[in-house]
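The structure appears below as structure tokens.
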Amino acid sequence: MFMKSFENVLPKLVIAPGFVLGFAFIYGFMIWNGVLSVTSSRMLPNYDEFVGLEQYVSLWEMDRWLVALKNLGIFSVLYVGGSMFLGMGLAIFLDQKIRFEGVLRTVYLYPMALSFIVTGTAWKWILNPSLGLEKLMHDLGWASFHFDWLVQSDTAIYCVVIAGIWQSAGFAMALSLAGLRGIDDSIIKAAQIDGASLPRIYWRIILPILRPVVFSTVLVLSHLSIKSFDLVMALTAGGPGYSSDVPATFMYVMSFTRGQIGLGAASATMMLATVAAIVVPYLYSELRAKPHER
Amino acid sequence: MAASLHIAGIRKVFGKGAKAVEVLKKIDIDVAPGEFLILVGPSGCGKSTLLNIIAGLEEPTEGELRIAGKNVIGVAPAQRDIAMVFQSYALYPTMSVADNIGFALEMRKVPKAARLKRIHEVAAMLQIEQLLDRRPAQLSGGQRQRVAMGRALARDPQLFLFDEPLSNLDAKLRVEMRAEIKRLHLVSGITSVYVTHDQIEAMTLGSRIAVMKDGILQQIGTPDDIYRRPANTYVAGFIGSPTMNFIAGQVDGTGADAVFSFEGGELRLPCPTVGKVTLGQRPEHIHLDPDATWRGEVILVEPTGADTYVVVRTGVGLITVRTPPSTQVLMGDVVGLSVSGRHNNWFDAQSGLRLI
Amino acid sequence: MAASLHIAGIRKVFGKGAKAVEVLKKIDIDVAPGEFLILVGPSGCGKSTLLNIIAGLEEPTEGELRIAGKNVIGVAPAQRDIAMVFQSYALYPTMSVADNIGFALEMRKVPKAARLKRIHEVAAMLQIEQLLDRRPAQLSGGQRQRVAMGRALARDPQLFLFDEPLSNLDAKLRVEMRAEIKRLHLVSGITSVYVTHDQIEAMTLGSRIAVMKDGILQQIGTPDDIYRRPANTYVAGFIGSPTMNFIAGQVDGTGADAVFSFEGGELRLPCPTVGKVTLGQRPEHIHLDPDATWRGEVILVEPTGADTYVVVRTGVGLITVRTPPSTQVLMGDVVGLSVSGRHNNWFDAQSGLRLI
Amino acid sequence: GEVEVLHWWTSGGEAKSVSELKKIMQSKGHTWKDFAVAGGGGDNAMTVLKSRVVAGNPPAAAQIKGPALQEWASEGVLANLDATAKAENWDSLLPKAIADGMKYKGNYIAVPVNVHRVNWLWANAAVLKKSGVAGMPKTWTEFFAATDKIKKAGFIPVATGGNAWNDLTNFEPVALGVGGVKFYNDAFVKLDPKALNSDAMKKSLETFRKLKGYTDAGAVGRDWNIATAMVIQEKAGFQLMGDWAKGEFVAAGKVPGKDFLCAAAPGNAGTYTFNVDSFAMFKLKDAAAQKAQADLAVAIMGPEFQEVFNLNKGSIPVRLNMNMDKFDECAKLSAKEFVDTAKSGGLVPSVSQDMALKPAATGALKDVVSQFWNDDKMTPETAMKNMVKAATTK
Amino acid sequence: MITKHLPRALIYGILLIAALFFLAPLYVMLATSFKDAAQIRSGNLLSWPNSLNFESWQLAWSSACTGVDCRGLKPYFVNSVIMAVPAVLISTAWGAINGYVLSLWKFTGSEVLFGFMLFGVFMPFQVVLLPMSQVLGYLGLSSSLGGLILVHCIAGLAGTTLFFRNYYTAIPKELVNAARIDGAGFWRIFFRIVIPMSTPILMVTLIWQFTNIWNDFLFGVAFSGADSKPITVGLNNMANTSSSVKSYNVDMAAAVIAGLPTMLVYVLAGQYFVKGLTAGAVKG
């Protein structure tokens, strides 16, 4: 009897430390953040002065925050869509029995390995009109070439998108390739016999089968896009002005350089809410799926 | 719309240079219009490869291939007017059953109305009308199998190819689907090539059976032929369950004097030759005979209900005997064995080839 | 080391409240030491659940369970001294065959030398000595099956549990392994419970068979019993292949006057009762009889080599007849059918229960 | 004891200055633990500092300046330096404007290191000559006349860095030159909405926008010193920058007055926007560390350090009555004007260098100015409206 | 076999152009690191280095100055190694154990617990900086490598748990049952059966965690002390130091050095990463 009940308790004991710490880390700090957001904390956390929702009110009155949100919208859509599109395209092409597939795969994937702390400078050069691509084209004699997105307020965020896609497309490629490789070969054979052309086979049969892969890739990428911080910091630091600011950098600047911790906390709450809006449905499906599988 | 199929000198080599493997070695088969040809053979013998070549999914290295008299080498699968059923069914998982069945028609630009009509016809034939809106994942194995058949039938092709379509089903369902396929073939009359490694399927379904091994055609003939007059010991052992009993021995004398003697016994049988031979006898042609001199110990009694199989250890190895269920033998009994003598299969001891 | 197994009033409910499902409904089974009990039944009927309860992998909701007379409810699986063979074999993929076989001994702190000795003994018994260094992935299906058996045998347990151990094998191999398991059981004499949904396996392997459906025990008895005297139409239809023919009709008169009449025919048979009944007849007990009045059209002829099954469409539905391979009938022929009358299975038309 | 000093002086001249301090401390028997975090004008360093303070493990000293000192002090984490100050007589050694900045509620909480003048205009003499510009422009009109000539001559008229603080650094002398001292004080020290919404501001913004027309497209994200290098390398004519730019000229071997020229920014004569670097001392528990901390304060204020440090950094000593012999012309000019403007009332804190406002307000203002600079579609009116809003930031 | 219907040249063309796009920044970094100052000033970004100049590499590695410290990146690199190795190992092992319980030893509520844990994967880390420093302060781990290791372990836990849980879900429950009957307990099953089967997911997790931890800047800068700064902070100090004689070649060499370990891991073990992902680390 003892053995039996011990076996029942042991698993719980084993995961307890991780979960206690993990939950403290996630939810404890989340609550802590929530509390801060209703105080007037500035340089340091300060729990004495309760100001209600004042920080949230100021937050939504700030042009910079609205710009950050708008940028997040633009960035997420283009970054997730772009990475998906490029990654999946590359995966489809790579799946055509390509020579040097291993090498190419590594080339597409390596940006994942590098932080923007490392590649930021190179990117800044490449995108900078007077140092990078534009200059290169001019040097090569293509005088009308124009590429100054980085320095224009309304286009700087697209530079961030380009760099973001550069970093993540390989990941999308890897997942899609994995998905493609998992498809039963005979399905493609059947479609060929049924008379479908190659583009149709991909469009009508393979892409629909890959939907779960697409879904999880989109999920991973979209949460990365909400968390994206290094990318923006290293590339534009939110500039020019604050035109490429995103919520993560906004929160960082407010909390750490501006001495407006309360405001920063309020923006963090908004970010967490956004994350929750994406994650909770996913969690729900994850938890609900197959209640008694095996 | 039944078409003939002409396969001549087909070779297939995978890989190049040192790594080249010859998977098919000069296969010649002719299939008459409306025939149901079975390809059997052990795993890896090249059955699927041959089928893929017929379908146009692989190119043969060498050889001739004609469907309805038309050379189809180099013709795309879609243009060959064939339909194929796969072991894994290969249903499109994201489409409904109706869409699965209608896909080939859609690709051939059949107008929607006509397509729907055909889908319903086929579904009615297979009794899956109530499933048309489901996804493959919501179907049972047998239902999936039916949908896969429906997909192939919808187009009313010239040629039907099946690659082990039943091997993912359980025993009971397999028996039912076997009958179903046979029925559909009778109704449609479409020329079919059917790959299996289940010899019962081969026996019951085919109008002719082609037995393959290591890329070489061993024998081709009607089920009856193959069962009663196997061309070599390989085919003899492969077809029939329980498997044929082989008795290695020596024939001395000719005509009425001929004696077949072997370890632990001898039999007076009409023998085709003298010297070392192997006698093949199916379990149903060996009998328990209390008076026989050839004796052995019963080591296993397997009652299947309708019959009981008795396995006897003799000087030439284990011999399986089919007996009526009423037979009362027990493990450990020593029994005598006799052969009827009318169903002898004689093989050369060396080459394993059939003698006469 | 054979032990008895006593199962009494076992119930198992999964889930709670509204979602509760009663998967086992008061199962009582006694297995004598050394017996080989088969559990058969359709998918989802609770076979695996019962086996898991015996193994201690699940707790029963209610009921009594004794192994060798000892109550084992609450005892950990490892302490029950049982061995189990799984459908998927559940071999440890990262261990060599030898380690797989020896793992349970290692867990029981058997010294290395003794362990090795035992591994070799078991490997010799199963003829897998040359495989001891391989990984499961490097083995064929049949070899894996043997290793799984070896793992179970190594410990010389009190009780052997098998959960569909052969259903992943192909037909040929299944027949061989069936014999192998039977042989091993004879050699070891260990009490065994064997789950399958293949009725041929059930018939040939078991010393007794328990037929289950929807968590309820339908019948328990020797293979002969179950085959010849099925307790209800469900069991009658489940056991035997091809399946038993059922003829629904009406009995009038008693004794020698009794007439069993049905759509399209009537038979003079000794009947147990009057009124609406169903007659069950196995294919081997119905004969083609040119003179019979009960007639129908042949719609399918299935030659399996040793026998030929003829399917006839009659007024009471399709009737399958087993005939010798020499029979010459063709599809479309109209034939007469007769029954021998000695193997009648009478069932109540309503409840499906056996009459006498 | 051990002193851990958090700073972001990592560039050549600055690093040399810091190592001077390190030497002094080591000679007094202390261990110097250098905690340098570069980047973003101290942004990263601030993050570290906050995290360290929150963890209850602050460094001995950290580079903090301007009203942020008082904010930190109000959190109650800074040490009281009055004892050292009294012993060393800081009150009489420091100009009042600076001493006040180092105090919270009358107590010293930080040690000043140097004084920078921010409103300088730097020029490459050769470029001016080649473009036919006679001398340093005195007014914005003159300035734009000069830039037109430089542009025609094929040079970049104005080199500038491309960060938000650099944008504000450009704007500051424009506003001061266009609007005058009172306007500057009202707008950027008192955050008077009237001043922020005045004609002077509008004119300042228009001038500022005009200035941008003379900068190059590659400026975005550029560091100020790269811009200085453009002037040094004869690629550009002017740069508006504080006197730390001089360090770059000198390090490149250029001679003031000959190779490069320095002058008050156009219209900024008689004014002085100051930027005082300082070290705040944090409350520590360990007695030895406290002793080391006091010694550090003394060393920073000591004449030798003040001299060496400021020679390297391009700034002038905070300590009055220093011997300025070793300093160059620009520095001497700066020292003189510092004293003069203090008397005349032209001495104003530099808003761009965080000297005028608390970080939050500076930041908000920076946002507006920088956005205006970078977004050519934004009208001065919108910018002014945003400034008024920014002024309410707490 | 479907390939023959597409023009091969087009496929290769597209793949190559994409490869150039992906390689461009790396090329710029490498090329610049080998150029000398003169060439950087005069040439353009993509020009081939005139000579292979390893001097800047040497400088970046062992003698470039940040502030008063002229030891190059070496000490930071060492710090990063000391930090990353245990943090990666611990967080991976921890995740493996959690995943093991959550997939093979489910209990009532374990799924819900897991769901709540998952949220951690999506937490923006800026949010936790301040509270975490406070906690580290309480624990006396502030400004130390130990503290950094702890932070990385906890921050990575949700992710590693997710990876392992999803992977182990695919292990047949029968395997565990067989081992239980064989007499193995919780830990023995884990170490003898489950761990040996985990190579693909171990590779994924190790690579993933190593990349995250090695590349982390935020925690590194906020929680490290003067002597425990990781390489990203060192690189940042070097590259963000303003000085007119900015040696871009040294900066770039430093950047490549900082990225080298992770890049190496991807190049050497990238195929396992892809394989492991296939094996069910990220599922739909």
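Going in written order, the chains are labelled A, B, C, D and E, and every chain counts its residues from 1.
Methods note: a residue touches a chain if its C-beta (ideal position, glycine included) is under 8 Å from a C-beta of that chain, and two chains touch if they have at least 3 such contacts.
Chain by chain, the UniProt names read as follows: A, E = Binding-protein-dependent transport systems inner membrane component; B, C = ABC transporter related.
Small disclaimer: the values here were computed from a predicted structure and weren't measured.
Shared contact partners of chain B and chain E, listed by label: A, C. If you tally contacting C-beta pairs for each pair of chains, A-E comes out on top.
Among the other chains, D has the CA centre that is most remote from the centre of chain B.
Distance between chain centres (mean CA atoms), chain A to chain E: 16 Å. Chain D and chain E have Cα centroids lying 38 Å from one another. Averaged Cα coordinates give chain A a centre that lies 55 Å from the centre of chain C. Chain geometry summary: the mean Cα position of chain A and that of chain D are 37 Å apart.
Within chain E, contacts with two or more other chains are made by residues 129-130, 134, 172, 185, 236. Chain C has residues 76 in contact with two or more other chains.
Contact with two or more other chains is made by residues 7, 45, 131, 192, 211, 252, 255-256 of chain A. Per the touch definition, chain E reaches chain D in the complex via residues 65-69, 129-130, 133-134, 136-138, 142-143, 221-223, 225-227, 233, 236-238, 240-246.
Residue ranges on chain A touching chain B, taken from their complex, read 184, 186-187, 189-196, 200, 204-205, 208-209, 211. Taken in their complex, chain B has these residues touching chain A: 52, 55-57, 76-78, 82-84, 86-88, 90-95, 103-104, 107-108, 151, 155, 163. Within the complex, the chain C residues that touch chain B are 167, 170-172, 175, 178-179, 182-183, 186, 197-200, 203-204, 223-224, 227, 239-242, 282-284, 299-300, 302-306, 309, 311, 322, 325, 331. Interface residues of chain A facing chain D in the complex, by the touch rule stated above, are 40, 42-46, 58, 61, 63-64, 124, 128-131, 148, 150-151, 153-154, 156, 236-237, 239-243, 252-253, 255-260.
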